[in-house]
Amino acid sequence: MGIISKVTKNIEGKAHYYKFPVWYEYTVGVAGEIFAKNLKEQGLLTGAKCPCCGKVYLPPRVYCEECFEEIKEFLALEPVGVVETYCEVYEDIDGNRFDKPKVVAFVRIDGSCGGLFGFIEGSVQMGDKVKAQLVEKRKRTGTVSDVVCFKKVG
Amino acid sequence: MKPDNVRGKNLDKKGFEEATRVKYDLKAEYAYDMGYAVSRYLMGLKAGKIVGIKCHKCGRILVPPRAFCEQCYVPIDDFVELSGRGRVNTFSISYVKWDASRVEKPEIPAVIELEGASPGVGILHVLGEVDPKDVHVGMEVEAVFKEEQDRKGEITDILYFRPVK
Amino acid sequence: MKDVFIIGVGVVPARPLSPEVSYRELIFEAAIKAYEDAGITNKDVETFVAASEDFNEGVSIFDEYVPDQIGAVLKPVHTIGGDGLMALSAAYLQIATGGFRIAFVESHSKLSNLLTQEHIEEFALDPIYFRNTRLDPKFLAGLDMQSYMARSFAPCDAFANVVCAHRKNAMKNPVAGYPAWLTPEGVLATKPVATPLLDGMCAKPADGACCVILANRDVAEACKRAVAIDGIAFYTAEPHPDTWKWGYAIYAELCAKKAYKMAGIESPESEVDLVEADDRFPHKFFEHLEALRLSKPFEGYKDFANGKFSKKGQVPANLSGGHLGIGMMHEATCLYQLAFAVKQLRGEAGEAQLGKVDCAVVQSWRGLPTQTGALAVLRRWG
Amino acid sequence: MGLKLRRKVAVIGAGLTKFMRRALETGRELSFYAARQALDSAGLRFKDIESVVISTAPDAFDGVHMKTEWLADGCGSFHRPYLRGYVGGGSGVFALIQGWYMVASGMFDTCLVVAEEKMSSCQPHPQGAFNTIFDHTLERDLGVNLLWIFALEMNRYMQVHKLGLEEIALVSVKNKKNALDHPSAQIPKAVTVEEVLASEVMAWPVHRLMVSPTTDGAGAVVMASEDVARRVCDKPVWVEGVGWCLDSAFWTNRDLYYPDYVEKAAKMAYEMAGITDPRREIHIAEPYDPFAYKELHHLEGLGLADRGQAPKLLAKGFFDRDGDLPSCPSGGLLGVGNPIAAAGMMKCCELFWQLRGEAGKRQVSRPVKRGVAQAWGDLMQVGTVIVLGV
């Protein structure tokens, strides 16, 4: 059964190294351009409101996933929300250990059914009200990397 | 007329550069296990030889070697040393690199049917020491290996195939 | 109406590394075993389906490399970008059209060859909005686990106990790659990854291959050991993190609803004799059991502590060892669990064999960062 | 197949976006535009959709791992079952084959089938991703790209049949011209054989105007069971036959001059459709034409021309839009564009519109009751074929 012979000496069982040679540049799309504009110019986040069910998506989409209707109404929203869940992370994506764990949370943005991932400054609990800290205006790119972290408010 | 009302906004190069974009450096790295049959093949290359494998059922001699005959669907293990010579089955003269950039001096990829393997059984490699104008289907070629100390057990241990003089 | 049957399974032992074989050679072994088990040859198969993902393999358009080692050259073959049970579903649907007698399903893992697993996981997130943290993507599991704990009040030990139990179960599964005798203290002492999630709670990657052969009723009737697929479903819930329901496995709920209906199961707790659920992370295991209505919402850990899911309990779960005990093989582990369930239904599970198994449920999840899963209800037949 | 099929399946709606070199829209947005349009044209409500097929070629183009999970919401998969059948370049036509088996199984009455590709995200050029389709140990290090193997295959095809470049250039002339009438087209153009042959030699014998472009775009169809189709649709287009076939990955061990896998796939589809004489019984064809010679190669594999004879028929105008057997009346990949999976979908959409007489300026002159679409992919390896009819 199976193949007749296999590699039986460690030195023969070699592996061939390869790295994918490409990188990516993603356009942010129709909704993304509105998100970028609001963030860059006003420091506000953007939601997209379904004409059918009224749900507000954040990040904005040009359609409602549930009703599958096209969305044309975009709302500028204050970058404040509620910590829905969080955890303490000890390593970055390359496995480098942090000196001190970072707190990352999913923040449900007020006035929307959506939210973003962000780092939290200081101690945190579920349900805490937080506000996004943005990079200074002239350095903004209009993408989520403009949100440095979230800080507790109130 | 259908399709009607087609949607989408095309960006020219400038428009693309002006659009908001997110850049991402992909880090996708692998170390692929060669396994048994391909290890044998590559050990052969390191020794300056091209090795094929014979199916005991259909009698075909196959390159690159594999641990089973994909047509008879039986495991096989009868390695055969080939001469390192062959014939051009088909070729191209390519001015385009893998990333679509252009080169002045073309590369000449070819499928080379190897002597000693079954008819039609070839491998992909490139031709060298030849004027592109002189390349033709059926041309007799031979493998040119790297110097022994430079060979690592990789397909590039064969520098290229050149016409048999 | 029973339309589609499993007539053979082939599994090679899962292990962390497999340098002695290429992916082709690895899959060939599993395929040969499945053919042997079904008592057929590759020539009898009319359609082939393989589950694979390009970036797990490190090959774009991986379906190129599928046919040779499963004996499918110049035959109808396609891959499914999904897990093993989704490939099984694709084969099921093809047989159900009436157009095919025998279908072959393959899935495998060479995850040891993937050096940058975390980067590939992050690469599955939306590039514009959700790749911003550059963290070990297990933070997504950490967030989900935190949410589950807050809703259920489950203590940390509850999760460590799952790891201990499943890795112990793996000792009786000869193809499992991570059998171990652990204590909860040992698990809780492992390094934190995304607290509350600890490293010892995450299923570890493995290499392996599993093939399953399906057939229609005519073929199955001539086959003494066929197992019926009584229900099958695959669902996607909310594809993007902004609308995820943290702490729930909605995809598994949707699957259970559909597949139970197909199989005529009304009271899963009393009708299911064995469940094999996805346990890449212990809290996901609880979420899945709850979604399958084998526990009440947020009470999975209590039932677990009370022995409901042990070998002698009401609904034995993951006796195969699951992802934690067999090894995490992305698309393939669920087929290992399926093969284990098939052996139980046939009474061939050796040391792990349960007394009476008439109905087994196998559930899968596509892993981070998806909200997609599948489910199969298997029944002893004939 | 040869067994009794459970039920008939129809295509009842279609949608297509513009095909573009670089789309502003994200892949999710493009998918939605196509899917919503297909749904509207089918006259179905979203809640009537019971299942979804999402088809898209390598994740390395869009740049998202498990990319159908990412596309799922834009394709209507919210709280629905979806499958992604994947056969490389053959995926676009395979999408409908999969939609067929979803519905024909009896498990679902309707299926929304969406195909998407956004290649422009991939840098420095989408071609770069193609290096990763080759054998990781034995081929990639040679610097192989997709043009190489097409050139190798084209050269083999020309050598065996003693064909000239002019004969092949005619495919580009025909398709780019046909595409002038296609609202989605990316590179329609009136060109001459001389212009094609004067274009840049990329990988001899492949010239620039013999190559389809890299493209962003999406397409979709709605498929339904006979009951649903008859209820909601005035003119359903029936799936009469499907076939698919995959050859060995050891492509350098095969003779590339003829696509056996296309022949096998076509035979499977014709048998299911009850077609015994395809040249008479098929009235319109959309064979896959990512490169000019490929259309000829595939017409032969589909049994619509004898081996080596497709170029002769082409020169006689046999495959023109007003010819005996119009081939690629859409404008094909050479004219409309090649967003891999969406390109195969575009071909199926074209059959749908032609069979319903809705193709407007592109409508072929002969009456059409049955058409075939085909896609190809992998390492010169996969054929996917669908026969549609009214």
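Chains: A, B, C and D, in written order; residue numbering restarts at 1 for each.
Just so we're on the same page, contacts are C-beta pairs under 8 Å (C-beta built on N, C-alpha and C of every residue); 3 or more make two chains touch, one makes a residue touch a chain.
These figures come from a predicted structure and were not determined experimentally.
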Could you work out which chain's C-alpha centre is the most distant one from the centre of chain B?
A
More C-beta pairs touching across which pair, A-B or A-C?
A-C
With chain centres defined as C-alpha means, what is the inter-centre distance between chain A and chain B in Å?
41
What whole-number Å value describes the gap between the mean CA coordinates of chain A and chain C?
28
Measuring centre to centre with CA averages, how many angstrom lie between chain A and chain D?
35
Chain B residues counted as touching two or more neighbouring chains
11, 16, 19, 22, 24, 26-36, 38, 42, 66-68, 70-71, 75, 98-99, 154
Residues of chain D that touch at least two other chains are 22-26, 60, 63, 73, 78-79, 120-121, 124, 128-132, 136-137, 248, 250
Junction residues of chain A, two or more chains touched
2-3, 6-7, 13-16, 18, 20-29, 32-33, 65, 143
Edges wherever two chains touch, nodes for the chains themselves; is that graph a line, a ring, a star, complete, or other here?
complete
Chain C partner, complex, touching residues on chain A are 1-3, 6-8, 10, 13-15, 18, 20, 24, 26, 28-29, 32, 57-59, 65, 84-95, 101-102, 104-106, 113-119, 126, 143-145, 147
In the complex, go through chain C and note every residue touching chain A.
19-21, 25, 28-29, 32-33, 36, 58, 113, 118-119, 122, 126-130, 132-137, 139, 142-147, 150, 191-197, 238-243, 246-247
Within their complex, state which residues of chain B touch chain D.
1-13, 15-16, 19, 24, 26, 30, 32, 34, 38, 41-42, 62-64, 66, 70-71, 89-101, 106-107, 109-111, 120-126, 132, 137, 154-156
Touching residues of chain B toward chain A in the complex: what are they?
11, 16, 19-36, 39, 42-43, 67-68, 75-77, 98-99, 153-154
Touching residues (chain side chain D, partner chain C) in the complex:
1, 3-6, 26, 57-60, 63-66, 68-70, 72-73, 77-89, 94, 98, 100-102, 104-107, 121, 129-130, 132-133, 136, 243-250, 260-261, 264-265, 268, 272, 377-379, 381-382
